[in-house]
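Note that chain A is present in both complexes that follow, paired respectively with chain B and with chain C.
Moving on to the complex of A and B:
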């Protein structure tokens, strides 16, 4: 009897008390949200059209492509790695899809629906394979992912130009546009509710899936462990190699997916798109609170980081700010975000 | 040259413990003074006070009549006390001469480095010490013992009165150590006050003239080596102590759980054979560098091995991998708790379930409820003192960190616990608690293998102790039949 009350007291002491580290973590994430809201209020005072549903959808549309890449990048960065090849993967993926569709429809004479589905499947598979390639070199030859993906950054872009011959490939059936530029529940022109862009739905579906993966599966938990301390994870029997394969595989897949979304928006497979996309994605992940040394980061943080960059870009454009100034401010923001995270970590 | 290093009433207090108590001694030039003491005796505290690395609570150091009043290592250096540490400080990409004169290379009239002069001066210095290494050789081309000699030459280029050598042979083979001893003797004859720290008992007889024994922070005695036997020296180290052995209710069976046969890993251990029984607590004793840790790691699968086999419950393990070791029912905690055990930047909760993530699944998803149960169980059973399971594991004391590490593995419900130096860097109470955990596991049928540098601990904790020397198991003893001094003597290799 006495023993059991004592035990429950211990329990309360352990789980009942407010925890400092977690509180700091919440403050940090809320702080980013608060700054985001402050930014929105500021922009809404500058332009009455800013705080409308229509503009909200514009912001979301503008970030969905980078967003899908950044969500994948979050896995790689938490695992203590980096993937610089995603921007070129976007270009390659668009060109490859377009080339395959043209090949299936014109050379083999397949129907347009089956051609597109097949092309997309193959392209997403190539994305996964490129990710696995990086993971394999890292796992078995210990080549840092920075080096491998730096090489791929150049090489994949080269392949995209080789496939396309340097010219955009324009072959898609007209309905292909829906993937990257379609609307769900599309409202009347000028209506308060404009509908939901399909690419935004893709962004949120990817977000939810990765959220579940990171927090509610064994592989997700292992990604954090490997990124934080590879040797401790290995000695605890975690499959370090598998973790890297999953992280890079998913990132490659998502880069390919966002390439398909771009090709749908512009209805062409163009080898020049996506350049620099890796840096925007990394920026969003860093602003979201992930650490480049691995083991730390949240998928919700990255989502907020993406929205942050989107709102900032949109607001600054509406204010009529010079695009070059916008770049300077975005860059300064990345540095400020890291500084902020470091200060918070020092406190806790 | 100064003639004598005098230590007067040196005392160092740490919170709750007096590491060094009113220590006074004189170390004259022309002799090699060895320091001996088991772990935690206060030996390192004394040595660090001399090298200026720690500030004593009271007392003073004198070189002849000069009060040294050391505040920092650079103070000690300026007053003529040079230290050669275990971890070498040489820069591999630079030449021997560049390393010796690092930061103070001779310059010519234009202010550029005069390599010719540097090489000539380095050559003269090396010759004086009888070291036959070209000053132009890049350090990365030198072997360990050569680097150690260059390190000594570098220290001597400052013309110190006192040279402190901290475990200089820890990574050297016997023949290589001999070459180092020659240099040490040359230095002694030059009138340098040589202070020599080593855990290898034999070396004291090989190189030292006098030995200073410290126990529990007190000076036990300073003796001339020629008058001493090994047994006397060991007795001085340990004193008259009675060690209690494992409680009687802890019995083990004859049922083998783990069998290691002809187990060999080149340069680490050779032809290891032993059997671990159900509920048995088995200790492995041996000096540092005898391959104890490497053996444990290879059994678990953390490192690969060359020959032999490991059988758990009659099943031979195919390939070394921590994952396979875990699945076979083994658990392993590394001696480097912070680097290879815990994930310091993660929470206590995450660290307690790292090895048992598979068991926390409910379908394909993690069950937070199961996880809480697992965390809760270890926190209660192992009495881990925490404010919250979400606190970072790095915020815990060493003892509680060790409990988290052990708890992580007990959550996998292992049959064999392999613990490498589980008591390193934790206080006395926590040590006993860790061993209580091992005993409690034994009562439940779990077997353990423990490696520890503290021989008394092994005698207190284990049913049986294997003794390793230079990569081989040379003896097997039962704690009830043996004194700690005898055990220590058995760990020290007899040489002709």
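Moving on to the complex of A and C:
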């Protein structure tokens, strides 16, 4: 067979030489970025302090806690599922860590470092277990994850109150603050480069790891396949059950991590934090272009979605906008983003 | 010659830079069934979408009853008496027949639905079609052919005098097809014109009065279905060259038994099934719909567990409890119903092709894109797929090329045994031949192929040996030398081998 004709047959194809899906995909991803830039330019004209490195770090810091959850949520949503329990998991995780630290230090008399490390490990483990619980009910009893996690949303919050007795637990050693509020390469007060907040580093490490997982591993590809067409995936030898366990397990883990970050920021285990966190996370994922019906979504999209919400919130606050108006605008934006994605997809 | 109802002249249509219709003419006569033929992508659907008001045309004229007519949207088409039955049925399963018939045009008395009147009008239409169905029946309880019939009834509700049917028989069984044909004939006799789009040329010969063939957006042939027209003539028009299956089959050496089933059984699906497949052999399993062959082999490939009995691979008993277990034993699987089971529509062509073999494309657990590209390129070449860019969505491909992508997925793991369920479903004539050639080629390299199909010609063409199934049991085993379409039909409808030997 002739080699050159083969190549041209592959290249020419049915659309006569233009690659629509790919071009449209790039446009769509860039479009969101462009809107983000436009927003930043607008805010910088409103307030000269907006476009500074210090403010950039403030924005990143403000989104990192929701961001860590949203990145995990991306996996669950691409797999065609949903996790409403993450907000309550944040509360539970903070309270649990605080309670464990107090227990280890006061009741058992362990050192503060080992207590914190042990407490964090156990809490992250609980996060994974909660995720696996949802996945198991979905896998073996076919209970929709919406239902299970709706139940967990209430139940986990209840557990958090039970453990804490309704009051914040204040036990952390002072250095614990570093996780949620520490800075790396911290500059002088008023310097142009303020350093990098530690939680922003956590956000980007999670982002990179999930990016690799989703686009460069078998399980990542399987998450897409299961979300798009469970039956095809199963018949192709993909373990659907494993995929769900991984997606929910990681999301539970990240929600717990996010809760630890919050508890470090406020130096307490408080049962009231994190409420509504699931909705912010889902918003970021949706703005990032994922589809609630599964199979579609990008981890980079979610990151942009997170930044988008962060920049918007920060800018509106700097403009002195009423917080209730901010909520209205944020809500409208989610709807607009979905509409926007649909319009662009329709054209392609 | 009967009067002309619709005349489309010089129809042209482009999608951005891609021209799909080049001045096509189509004439429909009153009280006739007109076959619209062509390979996937020939422009049939586009042409019918223009007539049905779904798409605007770029150029050309439509006359209905001799009067020039603009069909700007689907409502205008309805007003002109054009009914369009799409391939995917649009009925709501959780509503009854009469509620479905009146969706969008509900009759009311005051603010409330006038169920009595709607019920009676539905009954009238069903009676007119000669169908004994209670309009109160839930659509979800109907089998596919009756759903098709309800779709037809819906077009009649709008007094359709032209009904376009896009592959109405694609998912029907023989008996169901007869049902639909009966209705189509009776409508024709009442003066309705029908356009019948189908890949099954035998059906066209059976039911159609006239035909038009499109190829690459041009009309290449049109006329009456008379003695001069045969399946061969039509397929030659469609493909543009003569399609010949002669010389496709050649005898090969077959080796040891590699796959064996002993007394396999699963409740309500199949029972007492024993069979064997040798190395390099092409074995067919055929029968009517519901004979259990699909379920039987779903068990063999590990997606229909648990089952009773035993499966042996290379002489060793294996519990096929998961797909990956069967994969590790070298068994590949091409499932039936490409759209539901074969492709993942949100994934790209290359991601679809590599889905089953992604393990082999990884290093230290990380996917190597260059390996994936090499893999997809290799199969695109080997299977002669027409692909523009492998990163496009799988749904951008024609049916035949999608099916090849599914085949690539199955072949990528270098299997010893390939199980193909209905491998040429919804595939046009040209791609069909290529798939048959591929099966032959596989077998001659020592791969065993199990072909599940209810199309007797397909089985006759390919198989060294055939098992005929009936109601979950294996009825008979036939060598190639004893195969004939009549024998298969006799056994598949419940005849026994003993009866066959007597006659």
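Operating definition for what follows: the second predicted complex is superposed on the first by the 330 of 348 C-alpha atoms of A that agree within 3 Å, B and C clash if a C-alpha of one lies under 4 Å from a C-alpha of the other, contacts with A are read in each partner's own complex, and residues count from 1 in each chain.
FYI, a residue touches a chain if its C-beta (ideal position, glycine included) is under 8 Å from a C-beta of that chain, and two chains touch if they have at least 3 such contacts.
Source: prediction; values computed, not measured.
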State whether A:68 touches chain B only (first), chain C only (second), both chains, or neither.
neither
Looking at the overlay, does A:239 come into contact with chain B only (first), chain C only (second), both, or neither?
both
When the two structures are overlaid on chain A, which partner does A:247 contact: first (chain B), second (chain C), both, or neither?
neither
Look at A:217 in the shared chain and tell me whether it touches chain B only, chain C only, both, or neither; answer first, second, both or neither.
both
Applying the touch criterion given at the start, work out whether A:56 contacts chain B, chain C, both or neither, answering first, second, both or neither.
neither
In the overlay, answer first, second, both or neither for which of chain B and chain C A:270 touches.
neither
Once the shared chain is lined up, is A:231 touching chain B (first), chain C (second), both, or neither of them?
both
Quick check on my understanding: which residues of chain A belong to both its chain B contact set and its chain C contact set?
10-11, 14-15, 17, 19-22, 212, 215-218, 220-222, 224-225, 228-229, 231-239, 295-296
Inside the complex, what are the residues of chain C that reach chain A?
17-18, 41, 303, 322-324, 327, 333, 335, 340-348, 351, 354-356, 358-359, 362, 365-367, 369, 377, 380-381, 384, 386-389, 391-393, 396-398, 409
Which residues, counting only chain B, touch chain A once they are in their complex?
302, 322-323, 325-327, 332, 334, 339-347, 350, 354-355, 357-358, 360-361, 364-366, 372, 376, 379-380, 386-392, 408, 412
Going by the contact rule set out above, which residues of chain A touch chain C in the complex?
1, 6, 9-22, 212, 215-218, 220-222, 224-225, 227-229, 231-239, 294-296
Residues of chain A touching chain B in the complex:
7, 10-11, 14-15, 17, 19-22, 212, 215-218, 220-222, 224-225, 228-229, 231-239, 295-296, 348
